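Here come two complexes built around chain A, the first alongside chain B, the second alongside chain C.
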Partner chain A sequence: MDALLLATLIVGGTALLSLPLGRYMTWAMDPTGPAPRRAGLERLFARVAGPLGHEQQGWKQYAIAMLAFNALMFVVSFAFVALQQHLPLNPDAKGAVEASLVFNTVASFTSNTNLQHYSGEVSMSYLSQLLSLMWLQFVSAATGIAALAALARGLAGRPEMGNFLVDLQRATLLVLLPLALIVATLMALGGVPMTLSGAASATTLEGVQQVIARGPVAAFLAIKQLGTNGGGFFGPNCTHPFENPTFWTNGLSMICILLVPMCSVWMFGRIVGRPRHARLVFAVMLVLLFGKIAVAVWFETAPTQAFAALPEVEQVAGNFEGKEMRFGTPYGSGPLWSVLTTCTSNGSVGAMHDSLNPMAGLMPMVGMWLNATFGGVGVGMINMFVYIVVAVFLAGMMVGRTPEYLNRRVEAREMKLAVLTVLAHALFILVGAAVFAATPWGRDTLANWGPHGFSEILYEFSSASANNGSGFEGLGDNTVPWNVATGLVMLLNRYVPILLPLAIAGSLARKRRTAESAGTLGVQDATFGAMLLGTILLVGALTFLPAAVLGPIAEHLLFAQQS
Partner chain B sequence: MQSLTASLRVALVTIAVCVVGYTAVSLGVAQAFVAHTANGSLITAADGTIVGSRPIAQKFTDHRYFWPRPSAVDYDGAGAGGSNASPTSTDLTERARSLIALHGATPEKPLPAELAAASGSGLDPHISERAALYQAERVGKARGLSIARIEALVRAHTSAPGGSLTTERVVNVLELNLALDADFR
Partner chain C sequence: MLHLFYLALGLATFAALMALTNAVDRWEQD
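Let's turn to the complex of A and B:
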């Protein structure tokens, strides 16, 4: 079965690649010890950050510096998108973008989400794409990597967490930029356009005019995939032949989607000084990832249900709706990509998620609900840290010992913060979906009826809250209520799950080190792996199962009944 | 205030490097080494007019040509997109019925499934070899050519997109139609 072979090659290959790259990323982000060739560079980073560049920040100062820089990212990008019609690099004369759409778009790219209520080739000038959106794709991803480095330093017991503006430059210039240059070159060699010329106009063989949008796609594509951004240069993202021209660019994209999130786990393990713990966490993530891939591939082998009553159409394995021929079988790349892109909070699509079979379409939602199967660059591991704290606490309760993590006691304050982080994600999704399902705000924007319509709403809030950015794109989501609601959810659930875990790390760092004994819970053992896996599935199932039953599961059961 | 100016400086440096520098380098490399694909793989006719882009599907309705997969956006190269319909949607059944009529499919000669299903981009340039051979009879009749000659042409233009990793051979419809016009004018 070539679908699972493809999955093994992509995931396994990327895992191997992440080992040396994870070591490099640690060196780039956390230069401790003698690093003579780096000294000049480090002085430069500190100089750019001005008088604050040499300051060592506690978690609060670090968080404030992060919020200040992210606020500036938002303002600068907002201005350039809002004024695009007056600015250069606009060969196709794109007009003004409506205010709520500007808000949503900039919130989306600032929060590393890249939910798109617009179509790139229809609405955005090249300047907006490059200066606002692509810049945010670099620095929002770097924000996540910096936050993880800070968290890990706190957990390693260092009194200070580093300097945000220096970390941001390290992540942008030493991690993301070199990778993006390599990938952009490979993508261009693979056939992706890279030009500043405006759309081409063709006269087809049958004499019809066809306008063909193009642009600086390769550069945009590379950082969109590497930084778990996912925003398409074109509306249909990586299903577009210019954004994903061959089987090989498709594979390269999937590797890039997974790569930095995988490296983040290794970086975390190295900074906290617990490589075996990182290996266990990596293994738990792999188990979840392969579970979701297997389910999605399995359900996508069913033929398109809508054709079942038509003997004039071949009933072959796989549902072709929303998929491209050049990526191979319809149950191969499509469901695999849909799982990879949602596990990692990337959100670019290689097949239309709205047109996946119902249970295959549930897997992307599960990915976004758990949001820690590698997850977003940096932040995925932060989410996993929250699950680890919960698992450590539950395990401690079970054996009747004070729970500890990395030689620090986990107590009520840390637990409150961890539970709040988990709850915030659930509340944003479930309350948002409930409100929009009950009102014309949501109901009037649906493309499909019944349970699938509810799935569209549920997916949109899941995507916003998980900072993912993919969508069940049939939803007519470019309305003021959708733009404002998802814009706010994206921003809130970007910073809440960074700030609260930083606070946990700050709180743990202040505690006295406890001595390790025979009774200490080993966070590198298989037993703890099973405990962690159980905690993630239990929390996910308890929270989201009812919503899943109303949407994809109901649709699947109806569909099974008919056939 | 100090933190604002520090943030501004970092913003300016990252914009200079990641927007200006990075774009310029990727643009330079792409235009120097692969200018044709970097500019959109445009195909020009003998008289210099642009007839399309190799990886972008265009609309074909003439019986003398092979037809691509259906497009939810009517092959709009400046506004791509899929149907986003649920695979259980009756809209898809209706669309499939009209495609069955168009291709003259029967239960004895059923339509390859991808010819009834729209791609995600609406611009999928490929159909499978089977879907091309399926149309050979119609194209042959319209051009007054034997089916065998048309089938030979199809087979000469197919390729496996992922080598031995993919089982189904595909063919680029625009290229195939250009070859038809060139060989059997």
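Let's turn to the complex of A and C:
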């Protein structure tokens, strides 16, 4: 009961907060009207963007500008991390980082994934953390918001989708930076360290000298949560007491995880001029989110099977393994956080996912497989748009009418691009997991055998492909094969699900507007909501159920047989 | 040296994504 009350308060409160912020985000990303102050700001953004800042871009130019900017960020950040031992802001004299780990880390932060095969407090200098990783946390999140704004403009029927470099500045300076400043201040007040001093040294009661890592954690934490980045300043992420000290910082983090992805839905609805459609999409996302929370909490109230053979361990209150008790309730940092962080492609960790009961552990995987129940900032709504295209097409076929979305006909070309987007995600996860499960690349890195071991491999590729970044753990993943494979998956499946939907929007924008008639499929009523929900579940189940059966479901059935 | 190889790998991935963008655009124009 506590868990569901907490979930309702966090999710409901954030949904309410997202209403005015979604309105503000629309104003920030898609200014309309000749407000004089805003016009000055826009001129400044265009000037900063240089000669390219004044042109209006079609989908292809927008996509190329996005890729070129992200490639440049990849190179600059790569140089900072690779050369950190020679650069300033390194008070603890952090050494060189191994080459494949640099590739994985920079690919991870460029792609808004923040999968970490390293521990920040062990490997990264403050310069690497701030100028490379935190900088990428801002611009990668801004890339997602910019891409959604461009997509929405295309769907609104505008032949030009905006200017990427201008949109990037709007998202960074008007949306993410002000929010991050507020949240970082609140986190610092809540006890999160914010200092450029090196590690503290203390003498324990036993007289042992202890080195306590610290740093500019509050700044890092704020954008990591708001930008659905999720990468921890410390290795244990938000289970570390300096990254999440209290019940209140825990609650604030969960709000921040959900906030901007929720605002993205409202922004989309306003730009396409269909706020009622956005309300329906929001409701479908909420249903899926609460469904996953309920299942995860339900299965987590059962004792962990890991202690089943130990009669002296009482587990009347459910599975406490891998939970942080300072957050007041084991469910707040356990199943609730794990579902929120994986539904939103955030990936910060508030409990040990490896310790969740098998069916509770399945829910984070479902979140990453669907990747559209709010999803990443901007990109979650883009993923949902792909499901909408599939749903519209299926609904049109079922009733024998030409499928239409927002007064534009959805034809075979758009459908092919949508299916390719869905299949790319599945392909990266399933092929990657199959190859690593069948070879020493994956097998030699496992901490567990059997279905749980398979879950560890499956989770890692799911996390990489969904640009989530959380770890199931129990996997020795800092090896060359893991670093290269997940690095490539993160980069490819960051941009493919942005490029192809932008192409769909560009294609739809060029089509003649069709008049609404009695036969037009309404995309803002409950029938379409049910159709969309069914499509998401059907596509997800058809694609990933066999893999789920081999991992968490098999493990659950094995435990049920034993007990 | 190995660092340069991984840097090139990342840039090759971005180049492949740009090629994909061009290919989709050409396919749409057909």
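Brief remarks on what is shown
Everything that follows uses one rule, which is that the second predicted complex is superposed on the first by the 562 of 563 C-alpha atoms of A that agree within 3 Å, B and C clash if a C-alpha of one lies under 4 Å from a C-alpha of the other, contacts with A are read in each partner's own complex, and residues count from 1 in each chain.
Simple rule for what comes next: a residue touches a chain if its C-beta (ideal position, glycine included) is under 8 Å from a C-beta of that chain, and two chains touch if they have at least 3 such contacts.
Just so it is clear, the model here is predicted, and its values are computed rather than measured.
Of the two partner chains placed around the shared chain by superposition, neither chain B nor chain C is touched by A:E460. Contact with chain B, but none with chain C, is seen for A:F320 once the two complexes are overlaid on the shared chain. Of the two partner chains, both chain B and chain C are touched by A:I64. When the two structures are aligned on the shared chain, A:V102 is found in touch with chain C, with no touch to chain B.
With both structures placed on the common chain, the touch criterion links A:L491 to chain C but leaves chain B unconnected.
Taking chain A as the reference, the larger set of touched residues comes from B, when chain B and chain C are compared.
Look at A:N448: by the touch rule set out above, it reaches chain B but stays clear of chain C. Touch criterion met: A:L500 reaches chain C, while chain B stays clear of it. In the superposition on chain A, contact is made by A:L181 with chain B only, not with chain C. When the shared chain is aligned, chain B comes close enough to touch A:F307, but chain C does not. Shared contact residues of chain A, touching chain B in one structure and chain C in the other: 64, 68.
Considering their complex, residues 60, 63-64, 67-68, 70-71, 74-75, 78, 82, 99-100, 102-103, 106-107, 413, 417, 484, 487-488, 491-492, 495-496, 499-500, 503, 506-507 of chain A touch chain C. If you check the complex, the residues on chain A that touch chain B are 2, 5-6, 48-53, 64-65, 68-69, 72-73, 76, 119, 121-122, 130-131, 134-135, 138-139, 165, 168-169, 172-173, 176-177, 180-181, 184-185, 188-189, 191-197, 199-206, 208, 210-214, 216, 218-219, 222-223, 234-236, 239-242, 245-248, 251, 303-307, 309-316, 318-330, 349-352, 354-358, 447-448, 452, 472-474, 555, 558-559. The touching residues of chain C, when paired with chain A in their complex, are 2-3, 5-7, 9-11, 13-14, 16-18, 20-22, 24-25, 28.
Those residues of chain B whose C-beta lies close enough to touch chain A in the complex are 2-11, 13-15, 17-19, 22-23, 25-27, 29-31, 33-34, 37-42, 49-53, 55-62, 65, 69, 75-93, 96-97, 100, 105-107, 110-114, 116-128, 161-162, 165-168, 170, 174, 177-178, 181.
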